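The same subunit A turns up in both complexes below, where it pairs with subunit B and then with subunit C.
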Partner chain A sequence: MRHHRNIFVLLAIGLLGAVALFMSYDLGRGWEYALGLRSVKVSAMAIVACCVAYSSVTFQTLTNNRILTPSIMGFESVYMLLQTVIVYIYGDQTFKVLNSFDNFMLSVVCMIGFAFMLYILIYRKGKDNIYLLVLIGLVLGILFHSLSSFMQLIIDPNDFFIIQGKMFASFSNINKDLLGYSAVIMVVTLIIGFRLTKYLDVISLGRDQAISLGINYQRMVQIFLVIIAILVSISTALIGPITFLGIMVTNLTYELLKTYRHSLTIAACCLVTAILIIGGQFLTEHLFHLSTPITTIINLVGGAYFLYLLLGLKKI
Partner chain B sequence: MIKAEDISKSYGNNMVLDNITMQFPKGKVISLIGSNGAGKSTLLSIISRLLEQDQGTIAMDGKKITEFKNKKLARHLSILRQSNNVGLKLTVEELVSFGRFPYSQGRLKEEDHQKIEEAIRFLSLEEIQDSYLDELSGGQKQRAYLAMVVAQDTEYILLDEPLNNLDMKYSVQIMTILRRLADELDKTIIIVLHDINFASHYSDYIAALKDGNIEYYGITNEIITEQILQDVFDINCAITERNGKKTCNYFNHNL
Partner chain C sequence: MSSRFSFIYKFKHATKNPARIPGLLYAGGELVIGKLQQHRRELGLSLILLICSLISLFVGVADISIFDIINQNTEKLRLVFISRIPRTVSLIIAGVGLSISGLIMQQMTQNKFVSPTTAGSLDAAKMGILASIILIPASSMLVKALFAFAFTFLASLIFLKMVESIRYRNVIFVPLVGLMFGGILSSISTFAAVNLNIVQQMNAWMMGDFSGILEGRYELIYVSLPATILTYLYANKFTVVGMGQDFAKNLGLNYRAVMNIGLFCVSLTVSAVMIIAGSISFLGLVVPNIVSIIYGDNIKKTLPFVALFGSTFLVICDIIGRLVIFPYEIPIGMMVGVIGGVIFLILLLRQR
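Coming up: the complex of A and B.
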């Protein structure tokens, strides 16, 4: 227990340090303005961090697999397809027709709708098999991805730049109003989510043992999948897709914190994720001068870590 | 008493259980035997609500198990199957604590701690109670899981091939513990076994399944006969008796 407390203290200090550095570095003369901008970014990063942490850890427990993240189910492909379709239809009028709030809401609704469609498809057939769910999501994700690629090929190259802006996660121009809505949805979802973590602990023993211990397994899995869908949707609609982040942060957290208790794991993972995102964003802004998007850095580091995991250097 | 009535289950066109009706008396060790694919594990899974039957009902002490709340049922009936969770970082004591989940919902009270301690003592796990599961041998791990079930303190304990991958010493150890659970704590143990001799030496009753039917069901020594075993397993064997326990030698058979 003491060991755990130390880790949490260290992570909290790390996070405070990262936030302080990010907020205060090279503020310049218009510091009030810069500080305002930066605090919006930090809030956005905090929201994304919590969404990614909870959804990834939970998803890995449900699938009993440490190298999966919810993005494998095709959420991000749905998001990209939606963005492509909008630009395909409206072209350079996109921003006039659809403001960022509408776009955000539409994206969230589409992604959650996609998740529900998957669940209904599978559970109506009487198959409570989460791997089947993941696989169908994966296949549909690939289909959507190809569709978007195809549409991106045939649209006006100028319009393509609008889509390209959406392809990479970015904290640079976050809408303040969206931030408020996301924060509210996230906090409510996480409060419910954290009250359920004790069931996750039991579920990690496996389906059969969870049922033997009195868990309504199928119902619980459905609830957790809905929570995951909501969180992933918020984070993706807010900043765009970040695939490898989930794998990296969960496995780092498992390294740091050897416990079966998900309340601790998820809380620690939120901190780890926030530190990584804020650190990554700091590097993007001040070392690479915004020439490299943060997703590239995350995917590069995350991809390398993923390979490290896959090559069996670490026991998965 | 657990009562299964008209239980049928099929996978596609393959009838795995065909209208099974049977009763399991309280406080006894009952073994389910039969060749691979006879439906033993399926039957056990259905009794323990891991699997849904196509037809029929399971009743516990006169009430259908579907009428119990999940949490409530978990205080009366538990099942242990082969588990293969690799990545889990759990100590033996933490695993055993999970047995109290139906009572405590994760918040352990004084009584829960007491039960956990008792379970650990019952399976002589005191020395390794702080070790992580993935550091243990197969036999120790199996005992740890069994301790969790003991801590769950249910009248009915169902086990699916608990001796898998265990050597002689550990197998005997596990079976002795199960015997003690029935004799000392009055638990009802329903167990799927592959090794006919373990069934013969440690159980009160044996049910022999063949092609989805209960072919034979009775007191152990009445079931362990050359003729019945030949019928159930399709293999000749020689039975010897010593101290009232029958042992079946199926190695020097003539095909």
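Coming up: the complex of A and C.
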């Protein structure tokens, strides 16, 4: 317990340090303006961090492994297909016709709707194999992907850059209003989510154990899947796709914290993710002056880590 | 029972028997059809393929009919030889190659959901082509093919290594891992493409499409023929190798060598098709599964069926793609991707 408390204190200090550095480094003369911009960025990163952390840890517990993230279930392909269709229809008028709030809401609704259709399809069929669910989501995702890449082929190259901008997660140009809405949805979902973490502890024992301990297994899994769908949708609609971030942060957390209590793991994972994103953003933006957004780098590093996990260098 | 009835009986039996449901490979295979019947079926399928190919020769923007050929209309004959015949030939070869590659991969991993699409091979080939374009801007087709081959071979090796370390887990877990592996590879290529500002062009090259095939630009696809023949000779050995290293060695098989031959064939075929036409997903996955539902799993016997089915499927998809929005075309990569993807979903939902 003491050990855990120390880790949490360290993580909190780390987060505060990262935020302080990010906010105060090289502010210059127009500091009020810069501070305002940076606080929007930091809040966006915090929201994304919490969404990714909760959804990834929960998803890995449900699927009983350490190498999956919920975003592979097709959420991101739905998002990209929607963006492609919008640009396909409106072309360079896109920004006039659809403001960022409408786009955000539309994206969230589409992704959550997709997830519900997927869940209903699988559970109606009387299957409760979660791998099957994930694989079917993934295959649907590939279908959507090939549809959107076909549409991208016939789009005007100038309009294509609008889509290309959406292909990579980025924290710049985030609308302040969106931040408020997503924060509200996220907080409500997380409050419900954290009240349910004790069930996750039991589910992690395995399906049969959980059932014999008196848990309505299928119902609980469905509830968690819904929570995951909401969180992933918010984070994707807010900043764009970041597929492999979840793998890296959860595994880092498991290394730090050897416990099976999910309330602790998830909380720690939120902190780890926030430190990683904010610290990484600080490094790339101010020290290395890279134009590539941090999320792309995280995606690559996360992907490499996934390979490392899979090649049996580590037991999975 | 007459042969026709016994066939129908077997078909019904096959679809109901859980042992034949994809996802469960069982050794041996209980295909009990006589030699004559086998030949008759092969003949029938070949006839269908022939008819489809003939149709494919006469479908297109330029109006060419069979009378033009009889009348020796030089203008139209030239068109047939420059465009229509190369296109149809490469469709057939690509169909045979890709579906047989899928079959080998399924045998080697003993998992019916593995194929070039679900093992990251297609994404690796894309990455290879992109690498050749970046490193050697004026590279010839052969150089590109070599790059694609090297990347595909390496990726397949990595994939097999992964499968070994998760062997005794859920059947569905293996393709899941492979698809994620492919996702990582393609996110690396996209990243590189973004920095060079060629995302849209790259997607255009990689989308499977036979409309650009002309005489003098498709001959590389013949490279995959030797690989296909090699596969036929080694068919049974791949099955044995799929049963594990110890088992294969006990039967006196050089495990490594056979494994490498299999990977070599698959990589050669996939990269040749990738260079000539672009990526065609799900073909290698769906065709062997359909054949196995109908004809069973004795691959020495079903191999011709897989080849015939694969090429017929591809030719038909291409004809449909040429007709739907005539005079424009829907790229075959998308046609097969959508049709194949839907069939894959049905297969997944059917399995218990």
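Simple rule for what comes next: the second predicted complex is superposed on the first by the 313 of 316 C-alpha atoms of A that agree within 3 Å, B and C clash if a C-alpha of one lies under 4 Å from a C-alpha of the other, contacts with A are read in each partner's own complex, and residues count from 1 in each chain.
FYI, a contact is a pair of C-beta atoms (placed from the backbone, for glycine too) under 8 Å apart; a residue touches a chain by one contact, two chains touch by 3 or more.
Keep in mind that this is a model prediction, so the values were computed, not measured.
Once the complexes are laid over each other on subunit A, subunit B and subunit C both fit without any clash. Looking at the shared chain after the overlay, A:Q164 reaches subunit C, while subunit B stays out of its contact range.
In the superposed model, the angle subtended at the C-alpha centre of subunit A by the C-alpha centres of subunit B and subunit C comes to 80 degrees, rounded to the nearest 10.
Applying the stated contact rule after C-alpha superposition, one finds that A:L132 touches subunit C and leaves subunit B untouched.
Judged by the touch definition given at the top, the superposed model places A:L140 against subunit C, while subunit B stays out of reach.
Legend: residue contacts after superposition of the two complexes on their common chain; A:N299 is shown touching subunit C, with no touch to subunit B. Of the two partner chains, neither subunit B nor subunit C is touched by A:S39.
Look at A:S204: by the touch rule set out above, it reaches subunit B but stays clear of subunit C. By the touch criterion defined above, A:N6 lies against neither subunit B nor subunit C after alignment on the C-alpha atoms of chain A.
Between subunit B and subunit C, it is C that contacts the larger number of residues in subunit A. In the superposition on chain A, A:N99 makes contact with neither subunit B nor subunit C. Superposition on chain A places subunit B within reach of subunit C only down to 8 Å, the least C-alpha distance between them. Shared interface residues of subunit A, touching subunit B in one complex and subunit C in the other, are 316. Every residue of subunit A that touches subunit B in the complex is listed here, in rising order: 64, 66, 198, 201-202, 204-209, 211-216, 254, 258-260, 315-316. By the touch criterion given at the top, residues 48-50, 70-75, 78-81, 83-90, 94, 98-99, 101-102, 105-106, 149, 152 of subunit B touch subunit A in their complex. Subunit A makes touch with subunit C in their complex at residues 65, 67-68, 72, 125, 127, 129, 131-132, 134-136, 138-140, 142-143, 146-147, 149-150, 152-153, 155, 157, 160, 164, 167-168, 243-244, 292, 296, 299-300, 303-304, 306-307, 310-312, 316. Of all residues in subunit C, those touching subunit A in their complex are 113, 117, 158, 161-162, 164-166, 170, 172-173, 175-177, 179-181, 183-184, 187-188, 190-191, 194-195, 199-200, 203-204, 207, 281, 330-331, 333-334, 337-338, 341-342, 344-345, 348-349.
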